[in-house]
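Here is the structure we will look at.
Should a chain be cited, it is by its letter among A, B, C and D, assigned in written order, with residues numbered from 1 in that chain.
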Amino acid sequence: MDNASPSLLDHPVPTEITGAGSPAVGRFAGLVGGFVLRLLIFCFVIVLCAMLSRMMPGDTLQVMLSTDLARGLGTGEAQQLQETMGLGGGIASQVWAYLSRLLAGDLGYSIPHAAPVLQLLLTALPWTGLLILGAMPVFLIGGALAGIEAGQLPGGSVDRWVTPVVTMLASLPPFTGAVLLLLVFGILWPVLPTGGAEPLFPAMDQLGRAVGVLRHAILPMLALALHELARFYFLARAETLNLAQRDFIVNARARGISPWRLRWAYIGRSLIPACLSRLSDTLTGLVSAVFFVEIVFSYPGTGYLIYSAILDRDYDLLQGAVVFMAGVVLLMNWLVDGLSGHLARRG
Amino acid sequence: MQLASRRNLLFAAVILLCLAIWLAEAVGWLEYHSSRAVLAPPGLGHWLGTNEIGQDVLIGLILATPTTLTLAMTTAVVTVSLAVGAASLVVFGGPFLSALMLRCVDVLQVVPTMLLLLLVAALVSPGFTALFLLLVLTGWSDDVRVAAAVLRREALRENVQYARVMGAGWFYCWRWHLFAALRPLLGALMVQNIRQAALKSAGLAFLGLTDPRLLTWGSMMQSAMDQLYTGAWMWLLLPPAALLSLLLHTTLKLGDRRLRSGAVLGPVF
Amino acid sequence: MIRVDHLCLWHGPRTIFRDVSFEVPKGQTLALLGASGSGKTSLARLLLGVLPGRHVKTADQNGDGFRWSGRAEVLGVDMLEAPLAEQRKLRRTDLSLIVQALSDALNPHQTVFQHVAELLPHSRRRTSLALALCKRFNIPERILHRYPATLSGGEIQRVLTALALARDPQVLILDEPTAALDHGNRALAVAALSAGQAQRSQLLITHDFDLAAQMADRMVILHDKQLVDRGPAVEMLMQPGGRAVVHRTRATTQRGIAPLVPGPEPLPTSPSGLVIQRLSHQQTGTLVLRDISAAVRPGRCLAIFGPSGGGKSTLARLLCGYERLQTGRILWRARDEAQPRICHPQELALVSQHPHRAMARHMSVRDVLSDAMRLCRRIGRAGHDVDIAGLMQRVDLPHSGAFLSRRAADLSGGEAQRLTIARALVSRPRCMIADEPTASLDSDTRDTILKLFRRLMAQEQLALIVFTHDPKVAEALGHDIRFLSEGQLRLSPSGVAA
Amino acid sequence: AAAGLALGAAQYFGLGAEALMAAEPDRQRPLVITDSKGDRGMLAPYVHRKNGIAYLYTSYIFDTLVSQDADGNSVPGLARTWTRSQDGLSYALELQRDAKWHDGTPVTADDVAFTLRYMAEHPYVFGSVKALAGIEIEGVHDLRIHIKRAEYGLVEGLFSAIPILPRHIYEGVKDPFRFATPEAAVGSGPYRLAAYDKAQGRYRLEATEDHPLGRPRFDQIWIVKMGPDAALQAMSAGEVDVISYLPPDRLPEALDAGFAVETSPSDHVLRLGFNHRGQFQKKELRQAIAYAVDRSALLEIAFPGVAELAETGYFQPGSKWQSDEATEGYAYDPAQARDLLLAAGWTQNSAGRWQTQGEEIRLRLLTDGREVKPARVIAEQLEAFGFAVDLRVMEVAALRSLVADGDYDLTLFSSSTLGDPGNIRRRVFGRGWNSDRFPADPKMAGLIKAQAVAQGQAERQEILARFQHLYAENLPSYMLVNPLMATVFNDKLSAPFMPGGVAIGIPSALHKSIFLE
């Protein structure tokens, strides 16, 4: 075979084929199809929640007037109030009315808060967004890093020390971390503000104000991150246990790849599908975790808003939150599903 | 071999312990009642102190152990099985089933859990079974995507392709090829779900879904929450938390046993 | 330079080698030869400090995992005991390895280009440097931005070579650097490796005597857990009676495995056996196979040669149903001139080019085989008479309990390759598709395997398709030889279509 | 970037943040009051959150016709005088001459008449105008209000409850429940709403010039959301002046820090309610339960130092309606309880379990999340006495509907006993979940009717004393404990809790009179 001509070596096969049969086009079509499907699910969820929330025992007005200081309304009066508040009629007609308003772009009006839902959400979201965005890198990177560290060497020193600490953290109820943080950094060793999103007397300049806002956000962010950290830690650890034995890691070490690059580009990238999936289903959990943090730190945000919307039977507000959450989560799931299918093919 | 038998021994010991506790409770050796010694710190009278209504924490811990273990383990096992089953459908089930499954997960994820729980609370009669069902119902969808992400990668490996070509069904592949690869992940998911079950069950009492007197480590911690600023949390919160984390840790370690016996890793990085 | 002093290695209760001492001064290349499974790869890893395990002072027979004693100095650093940071620094700058197992050698989430670029220092010229490097090692541009999962064996090998030489190391350890390369690429690789040889110390681990003769100044042989022969390469290969000569003669003369000459009798127009009709295949828009047609009769062998990246593995995977058939048909004709029927992939068996990839990481050797048996029993393909010990003997693997319970992922390259062959045998296939079945075998075991194939063809009427770069394999097995290049099956390496 | 985003949004949407910042630093530091819950809604009568605190804050901004002094007695508010006619069927009111709305428009009789008419059309939930028959305007500052029946409680119940609205603003408002612009908070009170940040739950009130009732003591009052820990911390740092409600078990910390602490029974009494249409129709059975429950143990176990034993006869000590005559205290007496139950035909099996008609009795005890601790103790006590108890804790809306369906035996709830006794009819005989749901007992209902039309304080007191007695005997619900409340002040001001509650019966020390000189 010594006469194999060099011209034979490695000729590219340049023929490009395009058309409907091409997998790229198929994948694209799949993505679009997925999007349409999710749009349908989105609508379904909205209708579903609109009905479910009205099927819960109690209604807005009853809950609103449940204080024993309020006088009892006569039936006529109550009926009249129901009507003017848009709570009259059966479930079907209420849902229908809501949906037609929604289609017209109106998210509705919160009766207990006496404010348009959109405005309520928009004033609260930035704060929650700040907390979540601030906490995300901490628990994502912190959790994943610690998990990677422990998973590389099960039974090693990192695993021996960090895993018990994280399991202990994971064993505490969600409130606890926040309260303990507050006690330690706010009261025993008062270096950080303990409540609110801004100082009582905020600085007058933009920079000073931003610093104030950030300082106030640190503890809540940490509390939120602490709450989520364990999930990502366990996940990253489990995945790393598998990965660390694979040859490409050993080879990378043999090539002298720097440890940080190894963690990020080698192990970390392989964790992306799992972590992203985890993130997508953590998102709703995060919003409820924010609730605790908001309570402990008297922080503004959507957590308490949504929680109380359920207890207050504040249908429109609850719906508004669902519309928003559903939008974000479904969009995220769409990306995650596409991405994880794509990444899985790499092996 | 040796490991497996040691594990069985552990299980047997735990089950025996639970039986013993139940027996002791039935006979009336362990009495758990309120007293006027409220929030007494640990001492000779009460080794682990008393709680906010004067109940002995140590006895509470002992009594809570069987319930918590049963509840947490059963829910975790069932939830993880459901989640992994659903993830298998997503990965192997063909486009239709897969889409259907994922959409179910989407819906469950997006509809506020509180809403579902409140509705169900109005319908079911509270109790252990209801609690178990609710925990499973609200828990399984969380892990589907994660399991699917890992499963998808593992299912594309050549050994699975080999088994498929040789006519193996997905169940076979699962049993012999995928399970071991997923084992650490399953351990992690179990830990997650045990934690959820232990902590969430206490919260569900406030929606009328259980009797708030149902004694679990979670409910003990929940009622310790009000004492976070008094210092009583030291003996109210920490002991059940320590027990729970012991449980989590054991589960986690059981998850990676198999893996370690294969190869011993050396210094890394 | 490398200096190894009284190095011993144990795994579990087993001694892998003991008292290994050698020295590779600057500017020299030392060839290390030895049977498959004798611990060469482990030695290489040990020298790089990436073998998981621990250093022990004295030989203790019990303990688990790898244990070693002795000294292994690279450029004055004791890789067995130096601090991790120092070892790492050395690996980053002056010490490189070309690894053997190709299947999982690269980060699945980095493109080829990213792999190359990450080794180069940050600078504006990084991109152009990386591109130049790729060009030097004949890495075609079309694969630069692909992820490793889609690369062919030869392509991975070239990338690995490029990675090892990217930083111009002073010490280079080569573990089967050319096993997956075709002739032309091999020549290029040898040239590249020889280029800076004078500035480097090289340790060449190989089964390939030609390569050793071509590149090495000196040669050592690892035999029976010890280094037995050592000396200047050329002398050793000439020295009458020396072990190297014996090996070399064996390797070249193919004791008793005479080349097969295509039989004189004319082929029937519709021969029985496996019939491949007009297969075409495209991968992400590239046509990898074009209109392939071929036939293999029972008891005959079709050897397919081809340059790296020619589409051999793709064809093998297609035939065995690992890849969805896009156009064309794969048929089986029971008798000459009979109506062919669709051939079910279960009737075929694949010996994968990447044996480690083909087996579940968590399974033990026994599990791998019993898994195959279970599967075969389910579809009623295998007789119950297959026993594990017999199978292991046929492929020249030990069948001790200790070996059977070793994890498949821990096997050496050669052992894994033979295990996949054993697994393929379990199902008693009508036709076996072997993709580089002997690439990581030493000459003795290679002969065993070749004999095994010949016997199967003769006794069990096995139809065999072998994809290979190794002319000796093709000569020994091929009743019929074809060339697969540019996605087309040809009768000759030049461009005349078959 | 995230902080920037938050900032931008806060600026864009806050009428709040921006305006709060505008406080001029050189003026006297404002009085800062903390509130652990925060947002109470826009402080306007129709749109604030429907609870006592929100009403209280709104009362700083909106005046009522009649106000209270520090002892809880009626004193002039917007009305300088009010005179009851001979037949008791009308009141002549003379308004303050110099009262002004916050936008400068004077307050006239027209505004009062408008408010009363407007509230008839748009029900106001903290006061009813049903009793009114008509309104006559007799001058710019004079008007006469006609009522349907001569009721004595009207002055406290209506004149002091209903905030007067500015006609020129509310006249065009069709749906006041959706009228929540800053304009809606234009009142005539001593303070005006200067800024409101809904998200952060912060209010800034500014003093008005020359209010007829007196000069405001503080230029500004800030109400900010802050948890107890943070509040104590901030108070020590001198940032906060009043902690509106501090959980009583945290008092030691406040006392240690040397702050002035005001405590008082909240008169928001924890009660054990009975299902009068189910198991507990007979009063003997209710009494048996009362004897079987050890209230003093409950107090010591579940409320150590943070509550008092409640009076069983509805009115609590300190109420001006409570008579001195002691009511039955139901001291823990299981033997008595057993006798009562046996007499009522219930039996006890060998294991000590109570049965009726051969079936074991399972008592279903409902409560909401706030009362879990006492509920656990009571359930334990009842179980020790021989009942099987199903304890269920629910959120309020679900609890309401369960109670409304009669699907319970016992409930544990807190409900106020403050305010004008006019509200007893609702709290005892009403059907709400936090009412006793007592089927109209002719004797007791008669007494309640009688006190409403009584001709004077003394007569009323005499009737209510009889009511009190009957209440303790009939046990519409069993008053258990009366939790304490605490407000913490620093040296800037301090005031005791207002006896009988503020206005509609809000237990608070922060009546607006303390903010006036």
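Throughout what follows, contacts are C-beta pairs under 8 Å (C-beta built on N, C-alpha and C of every residue); 3 or more make two chains touch, one makes a residue touch a chain.
It should be emphasised that the depicted structure is a prediction, and the values quoted were computed from it without experimental measurement.
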item	value
Centre-most chain, if every chain is reduced to its averaged C-alpha atoms	A
Pair exhibiting more inter-chain C-beta contacts, B-D or A-C	A-C
Label of the chain whose CA centroid is most distant from the centroid of subunit A	C
Separation of mean Cα positions, subunit D and subunit B [Å, integer]	43
Whole-Å separation of chain centres (CA-atom averages), subunit B against subunit C	46
Whole-Å gap between the CA centroids of subunit A and subunit D	39
Subunit A, residues touching no fewer than two other chains	56-57, 183, 245, 253, 259, 343, 345, 347
Residues of subunit B touching at least two other chains	118, 122, 157, 181, 229, 259, 262-263, 265, 267, 269
Residues within subunit C bordering two or more other chains	88, 361, 409
Set of all touching chain pairs, with the criterion as stated earlier	A-B, A-C, A-D, B-C, B-D
Interfacial residue positions of subunit A with respect to subunit C in the complex	1-6, 8-18, 22-24, 245-248, 250-259, 261, 265-266, 269-270, 272, 343, 345-347
Subunit D contact footprint on subunit A (complex, rising order)	56-59, 62-74, 77, 80-81, 84-85, 109, 111-115, 119-120, 122-127, 129-130, 133-134, 182-183, 186-187, 190, 193-198, 200-202, 204, 206, 209-210, 213-214, 217, 295-298, 300-301, 311, 313
For the subunit C and subunit B complex, residues of the former touching the latter	51-54, 64-66, 84, 88, 320-322, 345-346, 350, 352, 354, 357-363, 371-372, 374-376, 378-379, 407, 409-410, 427
Interface residues, subunit D side, partner subunit B - complex	229, 249-250, 297, 300-302, 304, 369, 372-373, 375-377, 379-380, 384, 390-395, 398-399, 401
Subunit C partner contacts - residues on subunit B that touch it in the complex	157-163, 165-168, 172, 176-177, 180-181, 258-259, 262-267, 269
